[in-house]
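Consider the two complexes below, in which subunit A is the common component and subunit B and subunit C are the respective partners.
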Partner chain A sequence: MLEIKNVSKAFKDFTVLEDINLTFENGVYGMLSPNGAGKTTLIKMIVTLLMPDEGEILWNGENISILGGRYREVVGYLPQKFGYYRDDTPTQFLTYIAALNGVDSDVAKERCGKLLERVGLGDVKNKKMKKFSGGMVQRVGIANALMNDPKIVIFDEPTAGLDPMERVRFRNILAELGKTKIVILSTHIVSDIENIANTVVMIKDHRVHICDTIDNILRQTNADNLESAFMNVYEADTLINS
Partner chain B sequence: MKILFFEIRRYLRPVTLAIVCVLTGFWILMHNSYYTKSPYRDWGLLSVEYQKRFGNVIDVDEFEIIKQDYADLCAEIDRAFEKYMGEYDVHSLDDFRLLENASFHIEEDYRTAAERWGSENIEELYQKCLDIYFDGPMETQSDREQKIGYFIYDFESLDEAAEAARANDPDWGYDKLTDYQKNRILEDCQRHELSIISVLSSYSYTEFRDGFKQYSVLIYIICAFIGVPFLVNNKVTGTQTIQFASKRGKNILKNQLGAALTVSAIFNIIIDAFFYIVYFYNGDEIHYLLNCPINVGAAGNQLWINMTYFQYVLLIFAKVMLLSLALTCAIFIVSYFSKNYIVATAIAVPSFMLVSTLSEHLDYHFNLVFNYAWEYPLMLFAPIAAIVAVTIIVMRRTWRTDYLY
Partner chain C sequence: MEIEYPSEEKKEQSIANIIKTTKPEPVGTIRFLIDAYREIGIKTILRNSYKIFILSAVTFSLLTACSLFKFDINVCERRSIVYLLSMFFYFSPFILLSTDFMYQIQERPFDVYEMQNTCKYTARHLILLRMPLFSLFTILIDIGTAVVWCSLGGTQYLPHIIGLIASGVMLYSLLNIAMFNKFGIYGYIGCAVIWLGGAAVFNAVGTDMKYAILTGIPVIIHIISCAMMGLVLNFSVRRSYKRLMFGY
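What follows is the complex of A and B.
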């Protein structure tokens, strides 16, 4: 279980997140908020790229900053901007990431092949990534997030650059992962969340505004679909402010 | 170790190696002193000869033998002058020296020569002497006479210094020579272009030091720019996020620094190998000198640290290696704080120029006094530390502390 307790984060005088409390268990969680709401900041704190100013994040009751590498060992992360070495092949790059995650080289080799097949890159696994399209690179990033067989998988804008078929393939992967892992999906594409997420988190005014199932959210916001619910939650403020 | 190898592999690609080899080849082509024989090569032969005859140190009796050899040689030259120039009233080496000084208008000698041969004949006679002495029948003897003459002058300079010291202190010995006195002796020798020509000196006239000094600039250039891509590349490509979010990623800097230093050392060795092959086999061919000690020995005393020419060469290689590794480390740290290639490169360029210039300046003192006191390495590595300190102070705001926990 991943717990976020009373976490706050500010950059200089600007408060990004305030008193965030969330609990994640196995399943798919969708983070749906407008730009600048603090989704990426929260994700970065979960993957230990940033430290909370207040509060703590616990993995199975232990503070992740104390766990350190033992925690990061169980985390798979696809950042919003996935960086890679252009002169590497997917195999080389994933093997490198596996080494960074302490995965045994034989296991890494086998897992690398399977993951690349799973994301549809089996035919190009030994070609240099500088020749890849954006969607192909993104798929390498998805494979990268799963390389260490994590218990927590976090995807930040994962379907950017993917065509509809690839997007469906990705959703299937997520659905399967959600059965045995904590999957956190941060995206602007409402349909991605609507089709697979069990729980949706909406951040508003630096705090968690909603953390509930889709059905409950639709009821609460009096909406027919998640997109309307999103508009109801955020557009009311926009109309007032304008 | 696995991660270290991954990082090394990323930068030790065939293309990178090819670029280093091409740059090195181009550098060698630009400096023909590396592959042409030094005009001073034969001076080393005298050192080898005397080392074989007298060992690593010349004592007083042996010095007398050398002086006798010199006297015999001068007598032979005098006989040759008598034979070829006697008709012109030029009978000896001393007469030749007088004509030489007169042709350079040294006042007193010019007057003496003018009285003896007529001022209108000085140049002509001097030219005739030159033809006979340098290019003619006395070519071999003249060459040897110059070398031994300088050698004796070298020793007598040392003895003069010793005598002056003993005048103040009867118990004075060579071991009491101060650094200042050592420097003065050495400067005196070098001023007269002796290049410390003694039986035991060899490093200077082979021009190894000067040659390698130029070569080391290439090493510094390459090593200064090796550190730059490692971290700047991570920021540019965005891989830092993935790395820092992994189990061992927080230690990635350690591995990348290790890789940068390893690659610097490998390039250093490759470039040194190029230099060694070209300079030592095509250039001065100084292998015969490798066992010669380079310290100046006089009257049975060692003035400086006893090391062979081979050891001296190794010392220079080691110095350049350490300096280039320190420079790599410094530029690596600089690139951590910079945001892009331009800033990191802008700092790397003056850095290696500073290091190269300072190294050359300090080398002069190093050669004067083989002084392993703490001042030399401190002065040599202080500017590197300064570069790092200034960078940290100026760019500390870009340091993302969050990434380090």
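What follows is the complex of A and C.
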């Protein structure tokens, strides 16, 4: 279980997140908020790239900043901008990152082949990534997030650059992962999570505004679909500010 | 029958005992290094190391050329050869390790750096893991050079050379590893400053001030440029580099 307890974060005088309390267990969680709401900041704290100013994040009851590497080895992460070595092939890069996660080299090679097949890159696994399109690089990133067989998988805006067929393939992967892992999907694209997320989290005014199932959210916001619910939650602010 | 319930103090003691026996203990640096070498693999840790050797050779050649041409040293003089060799032995660990350190910082695009910092072994760990290995390479290079020198008839300098290898290389390497592990990049720069100071004193006492200056100036330039590259280009700009500096 991943717990976020009273977490706050500010950059200089600008408060990004305030008193965030969330609990994650196995399943797919969609973080749905407009750009600049604080989704990426929250995710970076979960993957230990940033430290919270207040509060703590616990994995099975232990603070993740104390656990350190023992926590990071169970986390798989696809950032908003996936970093890679352009002169590497997908196989080279994935096995390199897997080694840094302590995955045995033989296991890493086997897993790398299977994951690249699963994301549709089996034919190009030994071609240098500098020749890849943005969508292909993104798919390498998706495979990379799963290389260490993580217990927590976090995707930050994962479908950028993916065509419709690849998005469907990605959603199928998510749905399967959600059965045995904590999957956190951060996006501002409603269709990415509409059919697969068990729980949706919406951040508004630096705090968690809603954390509930899609059915309950629709009921609370008097909406027919998640997109309408999103508009109902955030559009009022847009009209006031305009 | 009266049931005796444990007091609050006893309850807390029991919980503390359970946590103590089941929670894994933090490991020391040596144990951590051994586990890391085994898990990651030497081949992965030494990725692209050939570039470091090429860069180091270029750096040392430039330092040597600077010394020779600027201060008009006659390489045919035995004293000059001793100086050059002592400079080589004394500074080879510094050059090899510092070149690797700066290369490690520069060669990663920032996004790759972030990716690695979400791994079990972060970019900082990787830099730390390479240090002992490059220290070992330095020792082997120095021993090889000493063998060549001795075969050319320089056996009278053998104790001097062995002393430099043993104390200089190993001392610098251990100091560098310990200070980087504890203080991050500030530890690294501090170690380089200590080394430079020691080198200047060594040469001033062992030969004369001219050689002390010859030793110092190129290395000062090297340190300053390395520090500026690291600090200005990366650390002052990117918040996430705090992990590299302070470590957590």
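Everything below uses one rule, namely that the second predicted complex is superposed on the first by the 242 of 242 C-alpha atoms of A that agree within 3 Å, B and C clash if a C-alpha of one lies under 4 Å from a C-alpha of the other, contacts with A are read in each partner's own complex, and residues count from 1 in each chain.
One rule holds for everything that comes next: contacts are C-beta pairs under 8 Å (C-beta built on N, C-alpha and C of every residue); 3 or more make two chains touch, one makes a residue touch a chain.
Everything quoted here is computed from the prediction, not taken from an experiment.
When both complexes are overlaid on subunit A, subunit B and subunit C end up clashing with each other. Once the two complexes are overlaid on the shared chain, A:38 sits clear of subunit B and of subunit C alike. By the touch criterion defined above, A:65 lies against subunit B and subunit C together after alignment on the C-alpha atoms of chain A. Of the two partner chains, subunit B and subunit C are each touched by A:73. Contacts of A:101 after superposition on the shared chain: both subunit B and subunit C are touched. Once the two complexes are laid over each other on the shared chain, residue contacts for A:51 go to subunit B and to subunit C alike. In the superposed pair of complexes, A:158 makes contact with neither subunit B nor subunit C.
Once the two complexes are overlaid on the shared chain, A:90 sits clear of subunit B and of subunit C alike.
Of 2-10, 20-28, 164-172 or 200-208, the segment of subunit C running into subunit B after the two structures are fitted on chain A is 200-208. In the superposition on chain A, the residues of subunit A contacting both subunit B and subunit C are 47-51, 65, 68-70, 72-73, 75, 77, 79, 81-85, 96-97, 99-102, 105, 144, 148.
Residues 47-51, 65, 68-70, 72-73, 75, 77, 79, 81-88, 95-97, 99-102, 105, 144, 148 of subunit A are the ones touching subunit B in the complex. Residues of subunit B touching subunit A in their complex: 2-3, 6, 10, 13, 234, 237-250, 252, 402-403, 405.
Looking at the complex, you find that subunit A touches subunit C at residues 47-51, 62, 65, 68-70, 72-73, 75, 77, 79, 81-85, 96-97, 99-102, 105, 144, 148.
On the side of subunit C, the complex with subunit A involves touching residues 23-24, 39-41, 44, 47, 108-122, 125-126, 239-240, 248.
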